[in-house]
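The following pair of complexes shares a single chain, subunit A, combined with subunit B in the former and subunit C in the latter.
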Partner chain A sequence: MLIWSRAGRRATLFVAGLLIFVLYVAPLALILLASLAGQWNGVWPSHFGLLNFVGVFQGAPGEAIWASLVTGVVASAVALISGTSAALALRGWRGIRRKALDLIFFLPSAVPSVSIGLALLVAFSHPPVLLNGTALIVVIAHFVIVSAFAFGSVSAGLMQLPCDVEQMAESLGASSAYRLRRVTLPLLAPYLAAAFGLSIALSMGELGATSMLYPPGWVTMPVSIFALTNRGDVFEGSALTVILIVVTVTLLALVQLAIRGLAGGSARGR
Partner chain B sequence: MAEVARPPRLRPPGSAWVLLPLMLSAAVFFYPLALVLREAVTDGTGTLHLERALRVLNSHIFLAALTNTLRIALASTLGCLLLGFVLGVVLTYVPFPGRALATRLIETFIALPTFLITLAFTFIYGSAGIVNETLMQATGVTLPPLDFLYSSWGVILAEVTVYMPFVLRPLMAAFSTLDRAQIEVASSLGARAPMIVRRILLPAALPALLAGGSLCLLLTVNEFGIVLFIGAKGVITLPLLVYSKAIQEFDYPTACVVASANLVLSMGLYGLYRFALNKVGGLNADLV
Partner chain C sequence: MAEVIDTKWEEGAGLAPSSPFAGAAEQRIHFEDVSVRYGATTVLSDFTLTVNPGEIVAMLGPSGSGKTTALRAVAGFVTPTEGRVFIGPRDVTHVAPNARNIGMVVQNYALFPHMSVAENVAFGLRARRADKTLVAARVAECLALVGMEAFAGRMPRALSGGQQQRVAIARALAIRPTVLLLDEPLSALDAQIRRQMVEEIGRLHAELPDLTIFYVTHDQHEALTLADRIAIMRNGRLAALDTARNLYRRPPNRFAAEFLGRANVLAGEVCALSEDGRMAELAVDGHRLRGANLHGLGPGDRALICIRPHHLTPAPAGDAARRLDGRIAHVDWQGAFEVLTIQLGTAELRMTATPAAEPHRIGAGMALFYDPQDATVLPHEPADG
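Up next, the complex of A and B:
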């Protein structure tokens, strides 16, 4: 124990608790409160109800939920396939070659998302590849942004895998395709699920690149939230934010479940 | 792929599998980015033309954005390190009920979009927010007395809040490997909490602080959502300048120059982060 005196511990906990409450609890609580409010005159909001959510689901913001989900799922699925393929290929590599390729795949996470958006705009606004104004360019941007994360998660997962099962499969004469399909990928599955879930969560919150690229028919949740709050519609904006938080937290919970599945699986592997 | 030779080490399922991901990243990431760099240093016909780039880099608006970006990023990172260290020590070494829940709540913010904290802060500290309304009703003044949100300070407070978890996570991982007996012994020998923090916890935390801090620096330099949502007139950072030049003024050449400068800065900070990471090791997946 670090602090033995009762008074000292109480004072420390009071300060820490206050910080956590003011910075993390209060903001979430207030967004929830605003999402349920009909009016906010004076200190506290009033006229609570679910009208903001009804408004979101019936109006244009409802389409943003769909656009965000489709963008997130498609971009993350492609990033997962590409990242897994790259991570598996690089698995046996060491030294400078490995470092160089790691750098290539990690680099998108170091570039400001707005610049990724600008780059796609500059590259694909003219024939032969004219993607400006399509939903596809938004999906591509999200793929670029989550790709480094997917590659990193799968690589980290591969490092955790117990080697012996795969080596045994190989020594028993399993072909590398069979080994991949029946041993490596099943062992890796929880990590893949976690990478997929977190990639979608990351894509759901993406704002910088999307606001450079989105066409009128493909507005994602963050862009829609900005549009709503910017024109003063803070209640519907908060309702959409609450939906975004709920979707993200649900994804995180599913990831936790996947990782718990991993705990059971790797106990057998070791 | 289906080779029969038996290598000593486990073979990957074919190094050729890296080709498709490489081509994909070349087509949608490296090629577009190269075009931005080319656009920044050439004129319309493709010949080298540095005059415009130099003019932009010397312009008042660019220099102001650069200064703002660096100032906000440095202040936010310092705030993250300070807050992260304090909360890390308390969450690890000062037991209280609900500790696991508090840690989980803070870590959730890593996955949440950054702008939501700004939206929440306008409800709390905004000109018609809870704090100002309470103060105005209590004191009878007509102007909102608390007026920091629509300035660099508002951006810094928001960035400290959303990026502190990136310091906290490696820090708590570092503390979890630290032998608790060390602290018990020091404490039974009469060392007080400040001394233990200074002599044991701070040295043990240093690599994690270095890694988390350099990641914060990179992420705060690249941050866009928070600055956009606060929407303060005087607070323009490099990413916001790229956005406003390209989307509001359709001035793509200037946007490309600013984006290139931002890119150079980000690459440098990314190098710093990888360097710090090598010192700590094995936190790759933390980069979101």
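Up next, the complex of A and C:
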């Protein structure tokens, strides 16, 4: 085959590298450049400096960082807790009930987020539940979007757990609470971490539903980026994008570290 | 691996032979007419068996015969559709697994992968909120018992299969279980380690003579070596139950005879009895074969005769009355001995013999002899079913 010849392998690598560069690295690099630039008149931007970042932190966009962080962490944490509880409670289900359940939890990820935004807007803009214009409705929307995802990953994790290990805990006399705390959850930790991390990433980048729901005081980063670039402020928009990426990646790394610490701690005993 | 195998049980801070385990009568396992059904399939039917305190009962049987199901009914992971399970005097049929105080060891070890060896062993005690000093002492004691003291800090993934299984046994013993259930504990190990582990389990039982062990296996060697009594399962029923020696010498039926040690079983008809009726002579395909008539069969009854391959020897010259003239059909050389298949009319007999200096010639005549006391006459039953 082509790739088994040396030249073929080189050619394949070159094409793949080029694609990755053009579609992935170059746009990000340009955003980084733009975030540092003061002007962009010729082929390359000019007047480099940190003014855009200063602008972001001093102005309203700075508040977007806080709004996004709180929304992402709260929605993901609640989704993780409820998704894990649901997955644990329903893990015994098999067959048609299981399929129906999976379908229900798959729906929110299949439905466009704009529709979720609209649905919440319609549902919660009259009494008795009037959430329209509050930060809470944004958090709820994010929760709806990521909870299905959290449930899905934790369920998948539970399927992977060796069931005889849990039975062994039981036969050794562990109560169900003890077994959950000392065996099931620690074994599930990597899946919980993945679910939480990806939920945060999903939430930090969410635009569709948020743009329909956000109140004046609770503008998330993607909404703010959209607004900035929309009114022509590409440089500050780029700066905020860079911040968004850095914040998200940092959060993911922290989650990984925390879970690893927890798992290590439980492995070393009380 | 080798240095680990060589640990001395003797010096282990042994659990004192009787004291730590519950009173003897507590340690009985009793199945009473237990049936387990899944929908239309009956996995265990009318199963009755008692494992006495301090006894090792091995359960043998083909795959799918219900061995694991029976063991899990004691552990509490299978609830009988009918019948009751007792541990000691206590009816545990509907008692939760975590309230049965049972030690269990399974084929794939099922150690907690996120805990060290010591934590694995301590798990059951910690789950019972045992005192810290007791936990530490018991962990050390049980690890010593299986020769794994040096590995207390290791994670299970850094252990060999044999070592993991020792830890699993230590973990099961640490809670001072009323009974110990072993489900094919050695099947995942290679032949050599398996032999060593069989010996060590035997030694373990010598150190803990009050420990009742229910041992599921499909390895006859393990069962014959370890068990006080052997239960043979077939299609969810108990096909035979006796001491290893009795089962081997006097199998109660065709299945037990063939399953345990692959005895020769020939079908024929009773044509004569000894004066006291204790011996019967069968007409089998033109030959006359004698054996012990334990089932009291009478002349004219259809019957089977069961002869162990190692009870057949080449006939001494002259004894024409009791010799069986056949032909060598096949020779299977196994090193220390060889298995000859002898064609006797339409029947075939397997015999084991020390390898001859000259290789046997296929088709050569061969006269066989056996002591009729070593053969058992059984009621007739078809070969399969």
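One rule holds for everything that comes next: the second predicted complex is superposed on the first by the 239 of 270 C-alpha atoms of A that agree within 3 Å, B and C clash if a C-alpha of one lies under 4 Å from a C-alpha of the other, contacts with A are read in each partner's own complex, and residues count from 1 in each chain.
In this section, contacts are C-beta pairs under 8 Å (C-beta built on N, C-alpha and C of every residue); 3 or more make two chains touch, one makes a residue touch a chain.
As the structure is a computational prediction, the values presented were derived from the model and not from experiment.
Asks: Based on the superposed arrangement, let me know which partner A:L187 touches: subunit B (first), subunit C (second), both, or neither?
Replies: A:L187: touches subunit C, not subunit B.
Asks: Determine, under the contact definition given at the top, whether A:N132 touches first (subunit B), second (subunit C), both, or neither.
Replies: In the superposition, A:N132 contacts neither subunit B nor subunit C.
Asks: Considering only touches as defined above, state whether A:L120 meets subunit B (first), subunit C (second), both or neither.
Replies: first
Asks: Have a look and say if subunit B or subunit C is in touch with more residues of subunit A.
Replies: B
Asks: Looking at A:I20 after the superposition, I want to know if it touches subunit B, subunit C, both of them or none. Which is it: first, second, both, neither?
Replies: In the superposition, A:I20 touches subunit B alone.
Asks: Is A:M168 in contact with subunit B, with subunit C, with both, or with neither (first, second, both, neither)?
Replies: Only subunit C; A:M168 stays clear of subunit B.
Asks: Can you pull the subunit A residues that subunit B and subunit C both touch?
Replies: Residues 167, 170, 175, 179 of subunit A touch both subunit B and subunit C.
Asks: Name, in rising order, each residue of subunit C that touches subunit A in their complex.
Replies: 75-77, 96-104, 106, 108, 110-116, 119, 122-124, 126-128, 155, 171-172, 175
Asks: Okay, in this complex, where on subunit A does subunit C touch?
Replies: 162, 164-165, 167-175, 178-179, 182-183, 186-187, 263, 266-270
Asks: Spell out the part of subunit B that touches subunit A in their complex, as residue ranges.
Replies: Touch residues, subunit B against subunit A: 1-3, 9-18, 20-22, 24-25, 28-29, 31-33, 35-36, 39, 83, 86-87, 89-91, 93-96, 102, 105-106, 108-109, 111-117, 119-124, 128, 130, 133-134, 137, 161, 164, 183-184, 187, 193, 196-197, 218, 221-222, 224-225, 228-229, 231, 238-240, 242-243, 246-247, 252, 255-256, 259, 262-263, 266-267, 269-270, 273, 282, 284-285, 287-288.
Asks: Along subunit A, where are the residues that touch subunit B in the complex?
Replies: Per the touch definition, subunit A meets subunit B at residues 1-4, 8-9, 12-13, 16-17, 19-20, 23-28, 30-31, 33-34, 40, 42-44, 82-83, 85-86, 88-93, 101, 104-116, 118-124, 140, 143-144, 147-149, 151-153, 155-156, 163, 166-167, 170, 175-177, 179-180, 184, 198, 201-202, 204-208, 211-212, 222, 225-226, 229-230, 234, 237-238, 241, 244-245, 248-249, 251-252.
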